[in-house]
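Two complexes are shown next, each including chain A; its partner changes from chain B in the first to chain C in the second.
For the complex of A and B:
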């Protein structure tokens, strides 16, 4: 493999990670506020279909993306209403929505199956794209990929470097304390769930109008991405920077699978298709293993230096969810 | 008198919630410019209109009930098993494999072995996320979903490769399916319809799961861990062990559902390359049925029949009045949301009533105990 194809491949990884980043960051915002939006898998399918359908009918990419965001926000609104106002199980409502949205996408998308429609074109940034290596890697992408860079940065800045972001952390960790400090916990949860939903809704059109242009129904290969994004959210420890790293890692592994397929011909194709899933389970395991009781016991029995090293390693990998995640807030 | 009326109202609440959901569905039908009376008429006729229709409803309800029984166990133990699809697939693969290699053995023996193999296969596929959850803190919602994806690829590999129907292997189409099981291995029919012995097995198991959950130490401990893990730990219960058991048993019932589908309905394992191509999404719909049945094994029986009827009726509704079958999924969802909401409302009312009656504190009646367990179930 020469440098040229390698660069093109890696640039493809950055583009393929963009929709995952939107979904993961949307979920991160929602979960930071304490609401699990489990509908993600269905939302991505539904917004991919509707984004493509709207862009195809109106011939406007912008309207396609907007449609995706609006639908993502609406689905999130249902999750928010059921979990915040009706105090339902977030898992139950999210799961039902995940199935419903998926079926709706496949059904309503029938007329748009396999038609060729508008798609995003690469938009090289004038001066920057001329820089060797960095240019072709980062700056000859589609608009959605540039937006994904910006969203990572903004989400990180918002959560960790602004006052409302600090309040957001409080709402997810100690809603009662945030309430005493003057935050309207439930309203803020609504706002973040809906904004998060809109971001998740951006993921669908990014697929259907860019990375995997078009709508192919059940063979779009998008079913399951929402669940992967959910585990990347956990892997990312509810931190946008780490979540972005997880998304890039996943996209890279998928690309590696494709590249290796012709090389490893004796391996059945299903092995490479399935590889991301055990890998995700393994990463979830590494992220959480530090909290396990028996690990602490084993660590305590180790010699001093090994223990310190292992403890540091485990702490670096660990990710703890917001304390009030999934718990309805009631003033009393 | 007042309390009896109130009890009656509580019992009817799920029915009222279902009617409310159907009313919302009727509004949607009107928006689609379809006469709701005609549409619901077609649905009813398709599901209950004739002996054959009703038998078809029960055939659809059987895997839902088996999956729902497992869900009752795991959700009561506060572990969320979304892996029904994958567990069904693995159970079916193991069961089919038994039927394809022991072709000379007597039918009753092979069927028994196959159902046990299905049970075992599902138990393994549910047990892995259980161990990951109990000993490694891995979120079980995510790991069970991943296990689904792995099971699908395993199924595609086996049904296109080592286990493919020899006659398909020679054709160019290469439909991913196994050879047909010989006639002696088919589950007995219960009537001159497609209804098979699996339905009866599922109902008997529902009673057994009820006994397991409320009349045995194992069931008590699973529920105790689900309600309050830290209190259970102080009471000397080995919490991780019961988490694993809850998921393992839950997977086992889904695996059995897969085996029953093969031996009672299809007589071979066949797919279109997706999970639902084999399971018909029973692994997911079973969760919905269990939630509707308030995570109670016996209530899961009518709940499964209701959702079986919705699935069968939806097909005929789609044929007669040309409405999208996706509307039925929406309707299913609405039913669940309405029922779960009404349930929460009922528990709150009950709690208020209990608080009012606290002065004459007596040992809790079974009814009160039930309320407490149901609160934990949500």
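For the complex of A and C:
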């Protein structure tokens, strides 16, 4: 493989990760506030279909993306209403919505099956795209990929560096403590769930108007992405930077599977296609290894300085979910 | 700031939690609020701190102005801050983030200046808190310190402390008291809610006693302890006399047992525990007592040494083998580890019995529950879920769940957060069971007086060091406090805290 094809391939990885990043960061925001939006898989399919349908009918890419965001936000609003106001199980409502939205996408999407419609074109950024290696890798992408870079940074900045972001962490961690510090817990949960939903809704059109342009119904190959994104949210430890890393890792492993197929002919192609999934599980295990008893024992036997260093490292790797995730908040 | 509460009533459904309370606290004083569990202390304080609202007709006057407090945010706005019994902070977040969370200001907080404020305040009260540390690495006492300076920084001029001395070490308590006195001198109003008489008597310049929702009396120093107790309970309560243990065969023998976890190592602990004996484990929280008691329960495997239960070598055997041998462990967190929230008392008793058939005999369970509720004096019905019971009654329920035959009872903070009456009751029940079943008791407590009052011998823990068994009858609180702080240990010279 020469350098150029490698760069093109890796640039493709960045683009393929963009929709996953939107979904994962949307879910991260929602879960940081304490609400699990399990509808993600259905939402991505529904917004992919409707985003494409709107863009096709109106011939406007912008309206297509907006439609995706609005639908994503509406689905999230249902989750928020059922769990925050009605105090119903977030898992149950999320599951049902995941199934409903998927079937709705296949059913309503019939008229748009296989038609060719508008799609995003690559938008090389002047000057930056001319830099060797970095240019072709990062700056000859579609608009949605650029937006994904920005969203990663903004989400991270918001959660860890701003005042409202700190409060967001607090709301998901211990709502009662956030409440005594002046937060309107339930309103904020609504807000973040809906914003998170809009972000998830951005993932669909990013597929159907970019990465995998068009709507192909059940063979669009998008079914299941939402569940992967859900696991990457956990892998990412509810931290946008880590979540982005997880998304890139997954897209990279998928690409690797494709690239290695012609090389490793003795390995059945199915194995390479499926390999990213167990690899993700392995990484997940590695991340949380510090909780295992045998690790604690091994650590205890080490000399003081090594022990402290390892404990710090494991502590930094460990990701615990927001403590109040899925728990309704009631004053007292 | 002077605080005046006028005609405060509060109903929760049928329960009348506060009945027409009038209380006035002068600026610069430390007001104690005494009362047994469920007397209405917490309700009154929650009303003042905005967590709940009183029934119409009541009035709160701060510094001469009538105020309406609808939320804790309102409360801190008018200068009322409350330190809750379980600190309301965010354990996985850093100290500095906890400190600044909730303070209004621009989008991006200026961490450097917040950090400076934090360090200045910490220094003023001689608290050694690292702003970059995570809160879950702090002790309860340090979390309180963080919360106190946070409330001051937010502008609190009235500080309410709800049972602040529960779960903190003796030296932290001392520091807390010094801090509170200093604050009072600066003109702050301190309201100190407790059921611990000695703390209130030591600290407060005025005490109000609540019983069954009513303010039954006030007192100024010098305090008359027996009169305060009488006001609290409406009757005279006395501590039982210490009785020398009637010891029998050896129940538990530890020979050179070594234990390890990430934080600390315990080397070569020895104990020979006889039937009928009570051994107390004293030490700062996290000094190794928890590890030790879990090793006695078979929950932690020793890395060296031997554990014998009634002469049988159980070293390295699982918890269930210990349990079959009559070992019962009552952990500190009653609702998390001891009981099953959501299940009723009847269901708990059914679960604890050996199953005799596939299907549950509800009627028998009901009879069993009624019987136990009566004999353990639990305030609840067979259909009450455990989380609806008060702390004292949950502890009684746990005692009622102890299996028979019993050889060893292991207790972690058996009376934390309970009032004297419950404490006395629980210990009398425990000693009864001990005598009846020929069992022995090992317990952890951070209350030094409890350790000395109820144990025959005690082991002191200091960062993994375990003392030889010490005779409790000839030890004073001062001596024990020194040992816990690492002073007066015979062996090494490197211990100082």
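The rule we apply is simple: the second predicted complex is superposed on the first by the 307 of 332 C-alpha atoms of A that agree within 3 Å, B and C clash if a C-alpha of one lies under 4 Å from a C-alpha of the other, contacts with A are read in each partner's own complex, and residues count from 1 in each chain.
Convention: contacts are C-beta pairs under 8 Å (C-beta built on N, C-alpha and C of every residue); 3 or more make two chains touch, one makes a residue touch a chain.
The structure presented is a predicted model; accordingly, all values stated were derived computationally and were not measured.
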First (chain B), second (chain C), both or neither touched by A:268: first
Touched partner set for A:59, first chain B, second chain C, both or neither: neither
Chain B versus chain C as contact partner of A:330, first or second or both or neither: neither
Touching partner for A:230 - first (chain B), second (chain C), both, neither: first
Chain A residues touched - chain C or chain B, whichever exceeds: B
Touched partner set for A:86, first chain B, second chain C, both or neither: first
Touching partner for A:218 - first (chain B), second (chain C), both, neither: first
Shared contact residues on chain A - chain B and chain C: none
List of chain B residues in touch with chain A within their complex: 80, 82, 132, 135-139, 141-143, 145-147, 149-150, 153-154, 156-157, 161, 274, 281, 284, 287-288, 291, 324-326, 329-330, 332-333, 336-337, 340-341, 344, 378
List of chain A residues in touch with chain C within their complex: 161-164, 166-167, 169-170, 173-174, 176-183, 296-297, 299-301, 307, 311, 320, 323, 331-332
Interfacial residue positions of chain C with respect to chain A in the complex: 46, 51-52, 71-73, 76, 82, 88-93, 97, 100-109, 260-262, 265
Residues of chain A touching chain B in the complex: 38, 82, 86-89, 91-93, 95-97, 99-100, 103-104, 106-108, 218, 223-224, 227, 230-231, 234, 268, 270-271, 273-274, 277-278, 280-281, 284-285, 288-289, 291-292, 294
